[in-house]
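We call the chains A, B, C, D, E and F, going by the order they appear; numbering starts again at 1 in every chain.
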């Protein structure tokens, strides 16, 4: 499977902003006061636990934006499964640059690898089932594109990137429209031919109604496993079925076993446990 | 205790950017297609679990930036302890505005309340000890000021905001300087009179040496509880002692019991579990 | 039909930038030197030719950003068909503000109304046929969201907003993949469940092959009317058919008569004739 | 004649913004999914119709910002007259980069070449007359500097770049001042010695009055050819005479024949027909 | 004389940036920790020395951007001559807001009033002579528009705002062109009809040559008073004469007495002595 | 002593903005019209008076951002004492680039060298005394980090960079708190362990009170020399003593002779006399 990468031109402003956030108004006063300009070091990004690497490019960009003379060699590119002790990349050159960029570089790669690792854990847990893992819009403000990239790196797929690239009709939309049918009709009349419509349903009765309507997917929100199984049977492949509600590596297998097409997890991006990656000095 | 607030002028650009990230290039196509402009709704931000609220201003700002006609009433301001079911605020007015801003508003308040809740849990766990909780620079890129604010809301204190507002000398700085003494001397010669110097020490031997030097605090990194106790005894109040290394609500009490002045936790901000807060419709 | 609007929060930065572009480094020196601060005027945006209004909000925002005391009344909102002499809106208040914002306000509304008018002309020309009009990514740099909004105002629909919200496979993609089937397979394996795939085909042979593959739409590029008719027959509704290639109000009816589902026109946004709208003083 | 170029530092932000507008939040998903990273291609920007090239640097910058490894060779630099089939430049290197930047590159060069071609057409049409062609402030929001550059490339000259670099007194200014003389006096008293004053006059009577006043140019707005001829005679070279009002290649020769010094055309920049330029693959 | 004002839309980004520069990442920790939210104060901007007020709007905007509830009353608007002890404006409302914005507000108004006062001093010193005072491009990076506005407030005039709004030919341009005549010819051929040409001359010989050429002004750089007098006589009003070189209130009268039209002073903006203005608490 | 440098990543946006401010909307029209693209020149930045160089990197960055082909050689880096006639750096390459960047480059280096020179003059004047020179927050909006860097280059030290990196309690804070003790207590309760507290005192009575309180420094504001001497004696090294109030090279020695630890000077940054540095052509 190809993982869709993130263009450098999109990543650079985020890395640059993170560096400026850390440098403040006087820069790295500790390093600049203590470390001689000519000092050089050899270091390695090393995993301190098991997981999947993501965001290595962001980390290396942080080093290079601070100090263009730094040289990096990638040992385990994004998508690599690593164990504690594995070297991910080596960075060598002026010590000052390494010390000044270290924290920002780690903040990116630890956070994004945390997401990729969580995604990979769920994906692994549902292996053998037809279901794909997808993420949500429950992301950290400002980091959505990066977080969704990390989900892809971990083997997951992306749901909507925003409010504008897909229709997702929830109960309040339906209430405002008067009926499910009216809601879908209005949506269809307003959108382009490449935009799909997904419908959130909470009950099998709603699903019953949805089956008579032109939707591309249904979001089965917080349904019991029994209801999910029924929903899959009722739908019979007419459109994609997505199960949501507290999907984690622990809960995912049972949900996947119901036969749904998609498991969506907000936990993936809103409650990230950073992967522990450190910078070792040689 | 007064919690230092965040100026509105600093928060607005972040909320604005998060909204634009979500609106993409066409806005909320679902809502705009389905919900009539004149529809109005009454909603409430409701806690779905126990925790401490933080970031409510960000959330309300998101609603108002999308739709100035929305009215909000705050029931539990930042710093409030809430239980599942508690209403945090009510938002009423044009339905379109509520639906379009909902996700971004929740992304802010759930994330920041997650941090405040974690901070409060640690603070609660070490009650009775002298130790204060402090955060680190292990933050999500772009959100440092907000995250550190949330730590304060939860009862924690802020460590350095960046590389520029304090000196923190680590082993690699010492190595580059040749000796601990040289490192401190160089730092002292370069900084202003309101800047403090903290020294990271890994062993009691290093602490021994530090005791002879003009530092304002020592960071006791990943020391055993026994070593921490010895360190506190050796230091005898000469400077502040900070213990770091996997501080969580579970590990904090034992560390605090060693008598250190500060517990610093990167976990607080790099591995946030969002507080579950939802928007209920009436 | 509901026209998807553009959120104010997205429009304001563009209007603000356009005003600053015009004010330069000294502002409106003519007006500030000559017109007394207390002078007031009543003016009207008046159509000087027939067309469809779009971008009125941008124009009024330009006036208000320069001078919050200006009052505006809308007579013909976006989407209104106007004839020469029709009043679109009145703006009254401080003369200085009106004069300083006039050109920028007109630049927005004339350009966007030009697009809406062109779209409406094509839509009108194909009335009675099943075909919808869609726009392309051949837009003016920086104005894509506004231009695509104007297409909607004129009765058209939006194709992709960018490279990221739909898959459009062209011959060079196919060549790089080795085969049409491989290209589609790779795309399908990488994208989310709400993303559709459209395939550009230049010949009926390619269409033949496409019919065996899981695509959501085909772009029939620059085909003859005969070939378009054959393509529609061959496709028999299996997926959407889109005809492209120099679609204008003159050529559109014949293309629509072939039975295709969509007519896409780059001309709509890359070669805009501004609608003549002026500011009359009373 | 030297064409004043545009500094790279001014162009880059515009090209960068246009690329980000097109890449959205996930980048070029079609290309990234289908085209192998190692694929390479040779392509050429080729004119599909006759015109004058402008904006080639913007186009090449788009390619390089996406993929620094792309190599470009310029065959027909800005200002070149091209016919259908003429190669303007070749771009070779990684296929992914070419495909991802193609549309933005073309959007710049087609739009700006459209302007240059229109300017050149008018300039050609008035050859032999003393009149110069000038543009106006009727430009596309955000692109004024680029559009005015393209006018220069086509052989035209630039009128004011904004409200701040020249005084242009219109009837409403005069009305607010009470008299033409008062208006000019106030302007002269407020501006620097390098700023010129132009006066818009609608009738020969107004011109009569203007002849007694210290102005640097008059804008003869929408006058008949007869009146223009009279105006030129009356002015007798005392100041520059500028004719405006629907100047196109068709109308320009007759206007130029009246002997005016300048023809100003808003059509040049507000109603641009893009020059058709495509990217051919070898 | 009308002083050309600065549009609010241009000033706000500068004030906003200055506030953010001062607030850093945690805001006004002193005030927020100590002053209760409900505290209110009455304060006054008071001149501590004699001078001319400029930049009051910037100062008041700083207060309002921090705290919209602050009320301001202007006693001495921009352009007012003040003596030590004069109240310039009163600001009252929430104490926190006043304290947090105070420094930034003063930084603007003290700096700009310093410029206006210096300009006024020179203008006063040359009263009775025909000469006008003009500023240069020797400005503080980022503040040119504000500084040039302050010069106007002080009674001076603006020279070029940048490299783009006037031609100023220096010796190195002439050298590159081969001759003065060639330089002027090339410039004239490239610029619009509202752009003037000024020529820098260092000797009377060069002026002699300039008199035969179509220039709008000459810059007599660092000439002796005798040479200036000769230059004025030689020029005999054919074009404007500008004297430059260490123009201060002390040197200006003698230079003005030579009869030149313009005195240009870089000192005005590159070596500003701030006017002492303080905030008094009642 | 090590001078803390400024990271390139922080400086570049400022230099870029200054260049764009100067280039306006058409660039350097004089140079582009007159100087052939192929012309090359050798130039030198030369001091025209005595002082200390600061900001050379900004100047050279200006040249390189306009024209990457320019080569620079540094003769006297930041911190060098120079006399009139000394070459600071040579810049050679395309003439156009040198001419277009010259003014902006000089604006940076002249302003910052002016600050460094003033700082050095004060530092020199107090040699032999224990006192250090520190700057204030009385800076030019937008340039604080650069100005404070220049103070360091001149041998001074930095006081607070903003409202957030130190507590400075003034009389109005004390008044709002009710008492000095309450003010300090509230501050201490809100801030982190690396933040220091300084107290402004106007009288010896206040100092008396301060001596019983946990502060890190006192600001002795506008005290007489006698009072300063008494204050130093009373304090007896318990905390740092800072004298402020019209500190210049003339007044500094007497103040330093009182034995205070710090002299703070707003004059350093709010009333800068630019160091005269020019660009000589060879």
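Quick notes on this structure:
We adopt the following convention: a residue touches a chain if its C-beta (ideal position, glycine included) is under 8 Å from a C-beta of that chain, and two chains touch if they have at least 3 such contacts.
On a predicted model such as this, the values are computed, not experimentally measured, just so you know.
Chains that count as touching both subunit C and subunit D, per the definition above, are A, B, E, F. Where subunit A touches subunit D, the two copies mostly use different residue numbers: shared numbers make up under half of all numbers in play.
With centres computed as the average of Cα coordinates, no chain lies farther from subunit A than E. Here B-D and D-E are compared, and the pair linked by more C-beta contacts is D-E.
Distance from the subunit B centre to the subunit C centre is 44 Å, each centre being the mean of its Cα atoms. Centroids of subunit A and subunit C (each the mean of its C-alpha atoms) stand 32 Å apart. Within subunit F, contacts with two or more other chains are made by residues 2, 4, 21, 23-29, 32-33, 100, 144-145, 158, 161-162, 164-165, 186, 189-191, 195. Residues of subunit F that touch subunit C in their complex: 21, 24-25. Remark: subunit E residues 16, 19-20, 23-29, 32-33, 65-66, 100 touch subunit B in the complex. In the complex of the two chains, the subunit E residues touching subunit F come out as 14-15, 17-18, 21-36, 39, 41, 95, 99-100, 103-104, 106-108, 110-111, 114, 137-145, 161-165, 167-170, 172-173, 175-177, 183, 186-187, 189-191, 195, 270-274, 281.
Of all residues in subunit D, only 1-4, 132, 134, 157-161, 164-166, 186, 189-196, 198, 216-217, 240, 242, 261-262 touch subunit E in the complex they form. Across the complex, subunit A is touched by residues 2, 4-7, 9-10, 144-145, 148, 158, 161-162, 165 of subunit F.
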